[in-house]
Amino acid sequence: MKKIINEPLRFVDEFLEGILLAHPDLVKTPGDDPRILVRADAPVAGKVGIVTGGGSGHLPLFKGYVGKGLCDGVAIGNVFSSPSSAQVFEATKAVDGGAGVLYLYGNYGGDVFNFDLSVDLAELEGIPTRTVLGCDDVASQPKERAADRRGVAGIIFAFKAAGAAAERGDSLDEVAAVAQDIVENTATMGVGLTPTILPTTGKPSFELAEREMEIGIGIHGEPGIHRGELETADEIADHLLAPLMADLSLVAGDRVAVLVNGLGATPLEELYVLYRRVHQTLTAAGIEVAKNYVGEYATSLEMAGASISLLKLNDSRLELLNAAARSPFFIEA
Amino acid sequence: MKKIINEPLRFVDEFLEGILLAHPDLVKTPGDDPRILVRADAPVAGKVGIVTGGGSGHLPLFKGYVGKGLCDGVAIGNVFSSPSSAQVFEATKAVDGGAGVLYLYGNYGGDVFNFDLSVDLAELEGIPTRTVLGCDDVASQPKERAADRRGVAGIIFAFKAAGAAAERGDSLDEVAAVAQDIVENTATMGVGLTPTILPTTGKPSFELAEREMEIGIGIHGEPGIHRGELETADEIADHLLAPLMADLSLVAGDRVAVLVNGLGATPLEELYVLYRRVHQTLTAAGIEVAKNYVGEYATSLEMAGASISLLKLNDSRLELLNAAARSPFFIEA
Amino acid sequence: MTGKELAEAIQKCLALFTDYADELGDLDQALGDGDLGITVSLGAKAASDALSNLDDAATPAEVVLACAKAFANANPSTMAALVAGALLAGSRILGDATQVAPGQAGKFALAAAESISQRGKSQVGDKTILDAMFPAAEALLASPDGVADLSAAIEAAEAGVIRSTGLQSRRGRASWLQERSIGLQDPGATAYLRFLQSWQAANSPAEVG
Amino acid sequence: MTGKELAEAIQKCLALFTDYADELGDLDQALGDGDLGITVSLGAKAASDALSNLDDAATPAEVVLACAKAFANANPSTMAALVAGALLAGSRILGDATQVAPGQAGKFALAAAESISQRGKSQVGDKTILDAMFPAAEALLASPDGVADLSAAIEAAEAGVIRSTGLQSRRGRASWLQERSIGLQDPGATAYLRFLQSWQAANSPAEVG
């Protein structure tokens, strides 16, 4: 295990302390637990608050999407583990500006159980909440069970759109509806080449042979749907893209936003090689790429690999993506 | 070799095609060679142009620093190899707005020889040029031979400041003086944990044992100054920081900009663990961190490791860093 | 069994239980994300520490609640959240009494299983911890004298683990493997079995309560 | 030797020379960035291709210029830039003549070495390609009949490679190793030696020019 860390059990708190030291102008912690982080100006009176959260190890997810035009607060747990309900609730109180709070996070059991407990705590304090789950990984369930899919990189579309809706003054139900609309029109698929090593155990999250890849892998190393010989970039792009296009029933004339996301160790150069093929294939099919994101948006520590996400666009979705936003990791100017 | 690529010899052109497809609003290629890239609005009449360049494999360096308030153009070569003088010259012509062109790139023989040839070509066409070399890696030469050091991540400070100076209308000599001033006040030191594999040869750029690290390594895998057992994050931060503080003769009351840069495969979490220690150490020494950058700014494909750069600040340097800038990879809003 | 005795029995059991952390982590790696080993080690340590800090006069229900709280926050995860809720539900069986009454073990186990079933929207056959819990609870309920119970419960839990291995996972992370989950052993169900086995090994069978 | 004959001799030489690409890459890895193997393979291929496209009537100088241009652009790098400049300087020795005159090899080699020395601000003893080039040029100049030349030049270049291995690199990437460069063999000097050896193996010694 080759990591630049100190005591493994202090890893999460230490990188969070680093974030707080680096960006005091953008984010703060409401109490003294660095695992709860809210925008520097929280709570924003009269604005719907958005709280996200989940396990550590996915930077810039989740911490990186706290800011103006994005989420208001985040609670995160140990590497790949949920925050506690108490932490979620603390974030909730810190961002509540009187217009209610949307919980927007990935569909993982641990997170769901802990956020749901916080829903009850918030209700007791008179803070209305709504919950929308990111569930974009098409490799995890067939279309009929789309709501049971796990949430991966595509959730950033929902952060961006719901964050913009909240910023312009939409009500809690409206912001939740925006998030739900985005989630239902987002599809993602990933490929893994090398595993993540968990800092606390020192063990790889999965094992692949020297020339193997795994299509459909989850961002915690959850097994995928196809393991085989490493393919070329174009073949991989085709493998990932075809199910996404089918899932969203894309046809000529449609518009999409594309996210080519690196899982941690894959060079940006390779992500652009993938993007090239995705762009060419979509364009050839008469589908317009109206917005694109290429880089690391949701990682899995030092996993090598990538994911491709598509969001089917209409005018209102695109407008929300293009609205101004600013966090330490994400700027739309 | 586990890479998401197609034909290795097409790797560079393909990722550049991807960049051009993704960011037509920000960058363009003046002819049909994707290795030459200029800002979408180049040439900007009356403005000093800045051309940079070097080998591929360092994204977001160099391509990522072409935009408003940054460089105007770039010419890049094969992985870790120089662009040709013809390519540098083509970039020069495309960005020349009548106020001359600054060549600002890292101090590597291949680059120097090719940029110098282009200086002659530009002179023949009546385009005045100045050259400033990034030479911030303190591991490569002692202080007395500072001008012979190789250039690494710290060059982004010079891009940012010189770009801002050019944008506000400084003359060619003034922009060159800004770049030179920044270069002379920048110091960097890096650590490598795992090597890069060159796509064309499939060979690692160096070899380290399972628990080894190398301090002072170059971004092409050039050997460093100390190879030893992997240390904790805090020990590594201390190892890298002490020579930088000495090199810049920092004392209590000074202000600095800090760049904690990932070399490719190192998770952002680990960079923040390093930043935490750097920030704490500098603060404890009475040195103010007035600006910070944490992330991947100059990489070496999938090398695991990091570098720390310091820029000694004064008011004018800080003002230039804070000026607005925008490229596909770098936004200062 | 008083609250203090219960706390000691739990601590002894947990000391053995954490030896299974690696096994549970490995099983969770094959079917999920591999963190169950951590959840179990951190959770057991937190629960043990919480019990050490508890007043000697604490009732059995208070002992269980302290464990629930500690386990929930140590490494929050599916298992932590479900177990914490299950202990909460179980604690209600114990009421305010200063002693665990004979025969309460079965009711406790059943309430715990029902809580997980409700919160997890899951049943026996979904290949979760419940495939071990419900059969074990039934075995405990079948004979109220506590002695036969634990061995029978362990047998029932083990049978549940084995039976469910052949099924497809329908809940949680493992469900994403779809038909590829068939043949892999459920980590949560195994954790429950190992917990019962640790209890038996650590405490004389008669002490089960 | 006509331009056409020269072009063929170069192509035969380059075909053998590229076999050393791995060795040169490995040496460059130890002292630099490991790309010299690529520079040499891509450069040799580009030069060979350029020569194939050249008019049969091309003069020796035109042949050399075509190689220079191809090599400069194939994989631009220190070696590519220096070699291209060196060939340019050497081509001036050949003038407009349609034949390479006997004895011109030495003058060519010296002009080439001087060009690199000037552009690279480097001398013999700095542990670069020049530590092989200057001694070889002197050996070629010492006996004007071309036959003895090449073997003597190879010997001189080899001695230069060996001698410089004990020195500290003072130019280019290798200089950043400072005293740790001592004992490592210079890739550029080795490349020059391998080039001469390839020439000898590919072409009968008498053909050297």
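A, B, C and D are the chain letters, set down in written order, and residue numbers restart from 1 in every chain.
By definition in this document, a contact is a pair of C-beta atoms (placed from the backbone, for glycine too) under 8 Å apart; a residue touches a chain by one contact, two chains touch by 3 or more.
Being a predicted model, the structure only gives us computed values, none of them experimental.
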Chain groups still in contact once chain A is set aside, others held in place: B, D | C
Chain at maximum distance from chain A, centres defined as averaged CA atoms: D
Distance from the mean Cα position of chain D to that of chain B, given in whole angstrom: 32
Whole-Å gap separating chain B and chain C, where each centre is the average of the chain's CA atoms: 55
Cα-centroid distance, chain C relative to chain D, in whole angstrom: 75
Touch-based graph of the chains, sorted into line, ring, star, complete or other: line
Pairs of chains satisfying the touch condition: A-B, A-C, B-D
Chain C residues within the chain A interface of the complex: 25, 29-35, 37-39, 72-73, 75-82, 85, 119-120, 171-173, 175-178, 180
Chain A partner contacts - residues on chain B that touch it in the complex: 2-7, 11, 14-19, 21-22, 56-57, 59-60, 191, 193-194, 210-211, 213, 230, 232-234, 236, 264-276, 279-280, 292, 294-296, 299, 301-302, 304, 306, 326, 329, 331, 333
Of all residues in chain A, those that touch chain C in their complex: 77-78, 80-87, 108-110, 113-114, 117, 137, 139-142, 148-150, 198, 200-201, 203, 205-206, 218, 220-223, 225
